[in-house]
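We call the chains A, B and C, going by the order they appear; numbering starts again at 1 in every chain.
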Amino acid sequence: MAKRDNTLKLKFDSARKFAPAPESRSAAKIKPKYDLFINGKFEKPLSKKYFDSTNPATGEKLSEVADSSAADVDKAVKAARNAFNSWSKLPAAERGKYIFRIARMVQERARELAIVETLDGGKPIRESRDFDVPTAANHFFYYAGWADKLEYAFPNRTAKPLGVAGQIIPWNFPLLMAAWKIAPALATGNTVVLKPAETTPLTAMLLAEIILEADLPPGVVNIITGAGSTGAAIVNHPDVNKIAFTGSTDVGKIIEKAIAGTDKKATLELGGKAANIIFEDAPLDQAVEGIVNGIFFNQGHVCCAGSRLYVQESVLESVLRKLKDRIETLIVGDPLDKNTDVGAINSKQQYDQIMKYIKIGINEGSDMFQSSCTLPSKGLYIPPTIFSNVAQSSRIAQEEIFGPVLTIQSFRTDDEVIEKANNTPYGLSAGVWTDKGSKIFNLTTKLRAGVVWANTFNKFDPTSPFGGYKESGYGREGGLHGLAPYLNLV
Amino acid sequence: MSKTISKNIPATTKTNGVHKMVSTKRLEVLKTYKIYIGGKFPRTESGRYYIAEDNAGNNLANMCLSSRKDFREAVIAARSAFGDWSAKAANNRGQILYRIAEMLEGRRAQFKEELIKQNLSAAEAENEVNLSVDRLIYYAGWCDKFQQVFSSVNPVASSHFNFSTPEPTGVVSVIAPQNSSLLGLVSVIAPVIAGGNTCVVLASFAKPLCAVTFAEVLNSSDVPGGVVNILTGKVAELLPYFADHMDVNAIVYCENNVADKTLIKEKSALNLKRVVLYDKQNWDAQSPYFIMDNQEIKTTWHPIENIGGSKGSY
Amino acid sequence: MAEKILTLPDFTIPARIDKVGVEERADRFTKRSIKKETKVKGLMLALNMIDLTTLEGKDTEGKVRQMCYKAVHLLDSYPNLPTVAAVCVYPEMVRIAKKAVGDSGVKVASVATAFPSGQSSLKIKLEETRYAVDEGADEIDMVISRGKFLRGEYNYVFDEIAAVKEACGPARLKVILETGELITFDKIRKASDIAMYAGADFIKTSTGKIPAASSIPVTLVMLEAIRDYYYKTGIMIGMKPAGGISKSKVALHYLVMVNEILGEDWMNNKWFRFGASSLANDVLMQLMKEKTGVYQGKDYFTID
């Protein structure tokens, strides 16, 4: 910290001060109450219970959604089971056309979906507008085209759908994760019971409206809201053939145990603690941007976030300085403002979790740097935070924080950093930055992770398979490889 | 040692330093069945054994009753072999698998004899050995091809080159088929190692002879020590360790015992081992999909610079 | 300027810039939404940073005088408008321009060194530079020898800039890289470094004489070079993108970029310029729109 005083300082106060440019809320119609979408109808929950969905940026209540009991889950699974027969027998091209239709309707309602996503989850409108919603639409569009082409995907095998897919998605990319789950399931002829996260249910309910409007046969997609117990009821329901889960590794392990002894198939997309490795011969300015995208994208609520930064010692000082100056220019604040780079933390629970780790980092004796930006007085905000002088054995370098907190370690040699990068139970993603092609391929081959970004970070595409090694889960979502987890190959 | 089988064969006597044939009963040299860890043939550290019998209840051999510590040692061997084996040129792995087939071919008579001892007819034994050799050759050929069939170049919308390729999942623990001494064993080991994994295999409890002899085949081919480790022993005793070891990446199980399968899934959840269940196959099946069962898909991204005046027109 | 011993970087080592990454970062600046008072402030600043330019074979005294009048009187009906930063002309027109802008504070910049190709001897380039300074130029816009640069004769390029800098005397030196001829970002970065270490006060993208002019990504690479030079030496260097910037919205994105890369110390016309002629009227139209709420037509704004 003392070092900073000696260095010439660039001034960025004004770079963060723009006149407010809020996205207008009027384009989004949020109903005061959402029922369960079962069998092509919005139905009141048998539980008769509802819970609030709030805006984490302000604490205001946005709507009420139904709290599904096990009986509601059963109803949804029955609807999906009934629909499976005819849906799986529908000509594949027709199935595809329904999914294309959903893709188009998501595009048509893009602005509304983006606003609701930001209101409900706290992510910057720039991200929901430019990333979440268009990528979700593209995902439907991509898998729609697969529906009648599956015989080309699996040589010497015939693809058969599994049946009813129970899908449980997280709060960090609510609409996008719904698309990641629903699109391949439908394209492969399965029917769906989907549960969005309890803190971010609203875009899933808007998607239910779209599905209704798209005239999808009743029961093919059922969307039910609720908390962990609803998810457990889906996992444990005997008539569910497939579980697709994105969330924490802890819950993933519980699911794995729960389906032991059953014939249920699963795809688990779980936690991560990705290493992002900067070599001295890297394009440093782009690497710094990659670090920023890697850890501050979506407030760091990203399972594949580049949360462990490894910098070669010869450029450590230079990278740190550039990184700190870059962090100073990040605009933290109202998620609905078009200039916001880092929005609100999704929930109080998550906020506490991140703050806990920041305290641990301080107690462990690492050097903390935070942006000098002022945070909004109301709502859940954490400034971009980096810890340098971190050891491999520090807790903040081992455990998934799921927030805008980066740990920085230095390294000297290639083999040292490969070993350190792989020294984790996780294996979702990794990043490597160097100008040398042969070194890139050495690293991308040796890093034990499902997605490796070389000279880039946090890039996603419907055609690109995504999923982890080791405790980051199994199965792939996206691309050709995202089809198999929804199929029996006979 | 197994029961003594004497045959009427010529024996030798020594005269002037020269062995001379004398017509008398020769005492057969019996084989000691040991386990195979890290390219060596130790006995189980536990010192325990069990007696393998044929259908008639005749003793065939004293087999090692491997312990969890043997398994632990085998995993260490498999882990340390993984780096080199997975990094070996695929073509080279193919040649090594082919070499195993060659060695197996050369020992056809011995395997046939063992299979017959373990209750197969001569014709069945002949068939099983033939199929096993051919199976190895089948997977030898896949070593440098399955990646091409199951890889993809993904046309992402941004200016990036993006491709997905299979990579070995790591160390695989394998409970070999219990009803087959050789073919089942070969059928589960071959796709695992063809894909660049290393493994620890628990042989059929009731029909263990071929597994140990197969280890000798492996040892005399060019398979590096530790790539395949073979234990003999009780499934019920070792299964929990095969399933919960934190340094094992995947487990293959071939029976249809629901309690076993439940236990495997529950214990594997500890480190999210990949669980590969083959319900009692007759092992008439061979396909690259068996290789893919122990592969991870890795996706790699890299930017593509778009510079230059040609704009893609030539 | 601070007395400091500079260690020269090894210019034979290729610079490492990833183009796709640069473009992604550049794209982020264009996503900034600039409204209300920020917009008005930005537009005023942009006006004040313009180097109004005429560099044509057909330039005459009359043309230069008219342009200089505009430089000082951008839109008399709009109160408290700033002037542009400078006018930029050929050496032959410097004396005329100097007289025309008078004591308005508008600087006179002259191109020199065999502009735009730079294909002449060092001797002639230095003479031309001295001539322009003697005529009264406050600033010299030189071009680098791109042929030599692309052949890897970095020492020649370096020495030439250093010699021109010396010939400039009190005039500030802007070094034009002509980025459209260097093609890759690696080369643009290297040329920026050579220019700064050789004594440039400003680095500038383009002559405006070839189709490929400045762009946000190219300017970003040069701004990052300026920042790294500042980190290392504490010396501020100015930046001038030139050519192709004709819309106020784009100018505002440039300003966002300067503010986010170099910070507010660079947010004035001592350290940042736009080499542009048609930009001024578009900015004026936008200012008028902000003031009146009515979309504007070009006939209500004087040309030149």
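The rule is short, and it goes like this: a contact is a pair of C-beta atoms (placed from the backbone, for glycine too) under 8 Å apart; a residue touches a chain by one contact, two chains touch by 3 or more.
Model, not experiment: these values are computed from the prediction.
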Is the number of contacting C-beta pairs greater for B-C or for A-C?
A-C
Chain closest to the assembly centre - both centres taken as Cα means
A
Centroid comparison with subunit A (C-alpha atoms), farthest chain
C
Find the geometric centre of each of subunit A and subunit B from their Cα atoms only, then give the gap between the two centres in Å, rounded to an integer.
39
Computed distance of Cα centres, subunit C from subunit B, in Å:
70
Which integer distance in Å separates the CA centroid of subunit A from that of subunit C?
43
For subunit C, write out the residues touching at least two other chains, lowest number first.
18, 20-21
If I count partner chains per residue in subunit B, which residues reach a count of at least 2?
158, 160, 303
For subunit A, residues contacting two or more additional chains:
455-456
Along subunit B, where are the residues that touch subunit A in the complex?
149, 152, 154-158, 160, 162, 164, 167, 169, 249, 258-259, 261-266, 268-272, 274, 287, 289, 296-303
Would you pull the subunit B residues touching subunit C in the complex into a rising list?
158-160, 303-308
Listed in rising order, the residues of subunit A that touch subunit B in the complex are 138, 155-157, 249, 252-254, 256-257, 259-261, 268, 270, 425, 440, 444-445, 449-456, 459, 461, 463-467, 469-471, 473-474, 476, 479-481, 489
State the interface residues of subunit C toward subunit A in the complex, per the touch definition above.
14, 16-18, 20-22, 24-25, 31-39, 224, 227, 230-231, 234, 256, 259-260, 262-265, 267
Interface with subunit B, subunit C side, in the complex: residues 18-21, 23, 183-184
